[in-house]
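Shared between the two complexes below is chain A, which has chain B as its partner in the first and chain C in the second.
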Partner chain A sequence: MNKLPVQRRDVIKAILLATTAPWVMQSKGAFASSCDNIVRLGATYSPDSMNPFATWSSFWPTVFTYDYLVAVDAQRHSDRKGFAKEWSVADDNLTWTFKIWPGMKWSDGKSATARDAAFTYNYLRDSIGKPDELNAGWNSVDDGLKNVKSIIALDDETLQIVTKEPTRWPLDNTILIVPEHIWEDISYADARSTFRNDPPLVGTGPMIVSEFQQGQFVRLTPNPYFRNGQPETAGLILHHFDTADPIAQGLKSGALAFGLGLTAAQWADLSKDPNIQVGESRIEQRNWLAFNCASGQGEGSTKALQDPAFRDAIGYAIDQKTIVERAFRRHADPGVGLVYPAASDYYSDLSDIRRHFDLAEAGRRLDAAGYRDTNGDGVREDKEGKRFQLELIAGTRGGNLQIPIAAVQLIAGWLGQIGIPVSVTQLEPGALSARAAAPAKGGGGWDLLVSNDWGSPAPASLLRLGNRALIGGQNQSYWINDNFNQILSEVQVTIDLKKSQELVDQAARLIYTEAPYIMLCYPFLLQAHRKDCFEGWGTEDFIWSYFPVDRLRSK
Partner chain B sequence: MTEVVAGPRRHVRLRATKEFFSRLFERVGAWVGVAALAFFLILAAIPGPIVGPLETAATASGDFLTPPDSQHILGTDEVGRDVLNVVVHGARISLTIALIATVISLIVGTTVGITSGYYGGRVDVWLMRLTDFFFIVPSFVLALVIAPVFVEVIGRGREVLGFRTSLFVIVVVIGLTSWAFVARLIRSQTLSLRERPFVDRARVAGSSDLSIMIRHVLPNLVPQIAANGALVVAGAIYTETALSFIGLGDPVQPSWGTLLSLAQQAGAASAGAWWYLGAPGACVLTVSLAFVLLGNALDDTFNPRRRAIP
Partner chain C sequence: MATCGQGGRTSRRIGGIVLRAIVTLLMVAILNFILFRVIPGDPAGLLLDGSRSAVTSEQIEAQRERWGLDRPLIPDQVLDYLSATAKGDLGYSFKFRGQRVSDLLLDRLPATIALVGVAQIIAISAGVMLGIYAGWRRGGAVDTIATGGSLALYATPSFWLGMVLVVVFSTKLGWLPGYGAYSPGADTGSLAWLADYLRHLVLPASTVALGIMGQYVLVARAAMSDVVAEDYMVTARAKGLTSGQMLLRHAFRNAMLPVVTLVTLNLGYVVAGAITVETVFAWPGIGSLTVGALNARDYPVLQGVFLLLGTSIVFANLIADLAYGLLDPRVTQ
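Up next is the complex of A and B:
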């Protein structure tokens, strides 16, 4: 009788063991055998829909399925092409002709022609000015599209785009080409919101989205009709995580073959693993400190923020080199001007007008501009006699690489040393976009903002931080300058690279001297992949196209 | 005359206190709790002489995420700060937040509890419905909602009672969300106390309601308040850690929760930097365990029913 409880316990133990054992063994199996010719990727963002017209967040799976017409990678790399095989522009710099791959097919077997490309562009263009204008996602109406006069398919293999003013937009745009036979029945209202574009998708890219579990994973299968031949791998699974920790762990254990968005600590740790190859690539992200330049509605706590001399002086108190070394562990280029090094055609280090880090110089310049510490309490006063106490808000927009809090600590420390105390608030993306919205939409009221943006190598994107039309959107300092906008509108209608470079340089110098932004750094994208199962990983530019999922082979 | 009366009374009190402490320290839990608390209070009181001034990203000298060695006993963090240094400085912030939040919580809870129990009737009903609200809503979720609103209302950048706003907000929010169960306990005790003869006697002698509550009821509630206060502190430390962990703390003044949050953001767990996650984690665990042990010991000592059972 006394032995009964023990026996009962044994029975329960046995039952527990029996029920968990298969699960444990199964999960072990799932993690151990990653060499099953399925490429597993990990990333820290989460698409909410597969409809590129309705969301910005589905970029990574959909870019494997849909093609651009040309865009960034096809101009940089001869072995990565989009929907168009080749292209040319007429002497008037207005008429562009694109040759589409002959005999190309959508993944459902229907032929993919210039008509599909024309349909996609016109679908967007025809929505301009309508209540349901398509401006809610990756495929959005932009300034370039408004500059277009006509987009027509001359025949199945020839697309013609005629623009009103000369522009490189027909090459640079990143609109994903979707099949006409699927999208022709979708109304604008549905396309920008409720239509989820459920898998399986129909595209011309190497990997087709075939299953989507929101917040968990996207499964992609090889496109049998891909123009360079069906990819050799059996498929691809893109896992979504909230943090980078499971990605690093997944790479170590072999559950993932490739991971993006690692932290510096994880990257350093993974680089010691013999099975893992780490890499870093320059991207079009820039991290900056913005001043609230608005006057009137939405202005900051002091008028000094509107004074270029004040902002310039602060520029001497920011040490980009230390930020790169301490906060980014050298996984970034130190910040200079608007142009990131990834846009190599336009980058300049502005060495002749560049500010250098010197706290004493910053102090002298503040004194000279009239921001002195008159009562000797260690804190400067502005011209109205009010003590400085600036509010710094910091946050990262969704999808961008995080700014380490150490960078903000450094900035707050330096400003404190020159007699400008700063209080720091970290904001999550939702709160950030509410506070950094245009003053007319209830934003503003802050003094300093540490944040970032991720653009493209096109001039319009490089210069958008100062574009008055984008106040509260991409122009986060609310800075307005007529000269700058004049240059900007000129750049947008310039095709000649040399001329365009000159204009960008002019604009970059103008905004550097006026200093509504202090560039902190241009961070690198840290990634790692396992060496044991697949080969064919390239080394650079992972982010702009389907590369390298079209050429991976199992070892 | 007063001298003659006060002498023996003081004597009696002294003896009662002595007896109380000797009974309290019969329990191992009390010893462990008090020792751990004393240790952390010393850290919090004088962090400077122990580990030097707070290191920031600007003054950090170490390498990145180095494991513990002779120079950095607890290793370094992702910007090269000494983890021991930031953890000791974090003690001050975490404990201050927890203790002040507890004081707020006890004051609110006791006031509501005594008022409700003493007056009864409609006052009781309304105050208890209010208490029920704070009881039912999970305090962490409530804190999560209130914190940003508070920051918005108070405004940032100013110092309130010597705290930066963001810390002050955490203090107030924890204080205002953790008083409900104190109020319930105090009310129930007051219900029984107000029927005692000494309350009637005071009333007959002409004492006002307020005076009865403060001078006659409140002193009899001290055991309950003390025992529960210790438990509230433990909860407050957890809440503070959790709020800071999800980024509502002050990123420049590191509390233990903020440190855990920074460690997580830096990917310390997957990079194998156990010292960075472990040090603040162990501190949170030790301090809240200490408060719970002490609270239980106090409860055991005060509570005659639990004392009766050996």
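Up next is the complex of A and C:
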């Protein structure tokens, strides 16, 4: 009777030994990073397609493969130039001339010339107004392109862009230059939807996407024809994750060399590991509280939201310093105005008009604006006599760094203390998009929105939160102001940097005073890399287009 | 005559089960269609979401026309949907532009079947054996440990269990990979790739298996506990059968009825993946596809996932109904 269990135990033991032995024997060395000069980078993003005309979320892989014409990197860092080697503008401030790198080649060995750049821009431009206008991805029609009169290749090395009005768009635009010989036969309908652009891609960047496994990784290999010579690294593998936990564990085990988008807790934990170097970078993300300023369709529960005096008073009840310290564990700059510190050419701390945290002051201003607690029940009433009960919706846009719920709770707590109760609804990105859409598209109906956007250091991007043409898109407060739009129009036709800075400052002050948004903070991108395989690239700065991992020196 | 009558009853019963499954599938498909049409938001608007410049109404209308959204919902769109679904055409993904939903599902299905299938096999074989033995030796040490352990595992969130396994076996010991299905650059299909794939499979499959093993242990134990108290077991013992003979010839088969039901029902969830486990281990299966589709409001993919899940559950129920008839002849009488 007892024989059977004993035999079973023996069998189980044998099975266990047989199955575990190989893993144990292979042990740690087989799995840990082998320092093979290939950068294994983990990040929380979700690439979907390698077609830059159809994807927003595959920014990192595609930006390693394709070049901008100039963009902000080349303006900030002389060794980070894009498709163009040099550029100049004529005295009329309308005619731009770009000299393309002589003898440059695509990664398939074919010549990369000014004709490819002209093709890319004209491909987009010619789609304007068509039913299948190219507006579905990173390479998208924008207002700057609509201001272009002509884009022609004068010869293989010279590109000429003539604009209708003066603009810095030819320098600042972030359109990725694609090879004409790949894209010339792709219809607009296919380019914005069904064309997948399967690897290996053909680009002029330092690293070319050679393999894309959905839900797992993108593998990039050095471009053999890269204009500045071979990258320092033998390749790059971008692993993508839904959460940052596997990234932190991968860094510890050595499976990953670089990790991006870590949480504060993971960052603090990794900082204790002697094999890991942690870092943080200023980025172009801003986290804000938006008021629903819509009137009529999509408006909020009270007309007070449309009153600048009400919004200004609320601004005194938000303590950005505490949000940074408690919700972000100091991994952020406190919020001030529209312009983030990462846009160093345009940043101002607005010290002369800045609000300070003072709940009593907020209360006094609400009283003065006519929002009093007349019946003494602790809750204020609006001018129609209705008790305040605001709905705050919160959520993070896809691809952006998460906003800790603690920040939202702090805001709700402060508003409650000044007699404005708030109920919080946390939304996933899809639901957030639906509710924050333009009222004409079924959005609106909320009162307060805590969310974020990630832009660029260019003026149009900095000011887009107030752009009336982008209501329900990037303008999330539905705020409309003619003066602001006038300034925006002027900025878009201004080339001179100083003049541009003055106009951005004017716009930033106007929107700060009107307060459709209260800036909460500008979060840092938390990152870490292992010290055993690579030296850093010499700076902790976030490079706007891509991380310069191609310049990493291996040990 | 009697045999003929019984055969007719059996055929009628099987026909009824199959017909019920077909009707249920049709209802699932129609509900699936309705569900994604009552959600707020215009799909054409979603396709144009994120545009850098203002989108014109003509462009929205062009997208509506391109994807057939301008036609009447009933009957045109619903009939188109049912007809296309019957042909295996589930439309195009919003998020993964250029890819058919059916291709995406087929692409992710093998990883999920490997993960959940292997986990189910481990959980069923280990769980049922343990449960049968615990029920056979009620009150013993194995019973106490198995019951307690099963309850604990059943109550443990799988994402937490997964994280613990990653920290121990991947981060600390470095024995096994903690994420992904295989290493980049591998020659897909080769033996080296297969070995690499299996190494990646160990931790997520163990997590899923440990999470579901408890219910097999508990059900098998309860069934066996009932069986050992039956009169025919006393008779078997009186006839001089050994414990092994009693267990294998009499107790085991009778105790299998509820276990088979549980197994077949759980098999229906194999294709649904294990969303949290796939997220923790970045496993490229149906679960992680669902999470990505939810975040991007990729309705066509979600619709496809729901349809796949509904179909597999209906199919599993069908198998359970048919298998029950074979295991327990009383059902067909």
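The criterion applied here is as follows: the second predicted complex is superposed on the first by the 515 of 555 C-alpha atoms of A that agree within 3 Å, B and C clash if a C-alpha of one lies under 4 Å from a C-alpha of the other, contacts with A are read in each partner's own complex, and residues count from 1 in each chain.
Convention: contacts are C-beta pairs under 8 Å (C-beta built on N, C-alpha and C of every residue); 3 or more make two chains touch, one makes a residue touch a chain.
Bear in mind the structure is a predicted one, so any value in this text is a computation, not a measurement.
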Legend entry - Partner chain(s) touched by A:249 [first = chain B, second = chain C, both, neither]: both
Inset, instruction - Classify the contacts of A:442 with the two partner chains as first (chain B alone), second (chain C alone), both, or neither. - result: second
Inset, instruction - Classify the contacts of A:406 with the two partner chains as first (chain B alone), second (chain C alone), both, or neither. - result: first
Inset, instruction - Have a look at where A:262 lands relative to chain B and chain C in the superposition and call it first, second, both or neither. - result: first
Inset, instruction - Please determine whether it is chain B or chain C that touches the greater number of chain A residues. - result: C
Inset, instruction - Classify the contacts of A:94 with the two partner chains as first (chain B alone), second (chain C alone), both, or neither. - result: neither
Inset, instruction - Go through the superposed model and pick first if A:152 touches only chain B, second if only chain C, both, or neither. - result: neither
Inset, instruction - Applying the touch criterion given at the start, work out whether A:301 contacts chain B, chain C, both or neither, answering first, second, both or neither. - result: first
Inset, instruction - Figure out whether A:429 sits in contact with chain B (first) or chain C (second), or with both, or with neither. - result: second
Legend entry - Contacts on chain A seen with chain B and repeated with chain C across the two complexes: 243, 245-246, 249, 252, 428, 431
Legend entry - Partner chain B, residues of chain A touching it in the complex: 243-249, 252, 262-266, 268-269, 301, 322, 326-327, 329, 389-391, 394, 402, 404-410, 412-414, 423-426, 428, 431
Inset, instruction - Write out the stretch or stretches of chain C touching chain A in their complex. - result: 40-42, 45-56, 58-59, 61-63, 66, 92, 95-99, 104, 107-108, 129, 133, 163, 166-167, 170-171, 173-182, 184-185, 199, 202, 242-244, 279-282, 284-285, 288-289, 291-292, 294-297
Legend entry - Of all residues in chain B, those that touch chain A in their complex: 56-58, 60, 64-65, 78-80, 148, 151, 156-158, 164-166, 247, 250-252, 262, 264-273
Legend entry - Contact set on chain A toward chain C in their complex: 1, 3-5, 8, 23-24, 26-29, 31-32, 46, 48-49, 51, 54-57, 129, 131-133, 135-136, 140-143, 146, 189-190, 192-196, 211, 213-217, 219, 237, 239-243, 245-246, 249-250, 252-255, 398, 428-431, 433-434, 437, 441-442, 469-470, 473
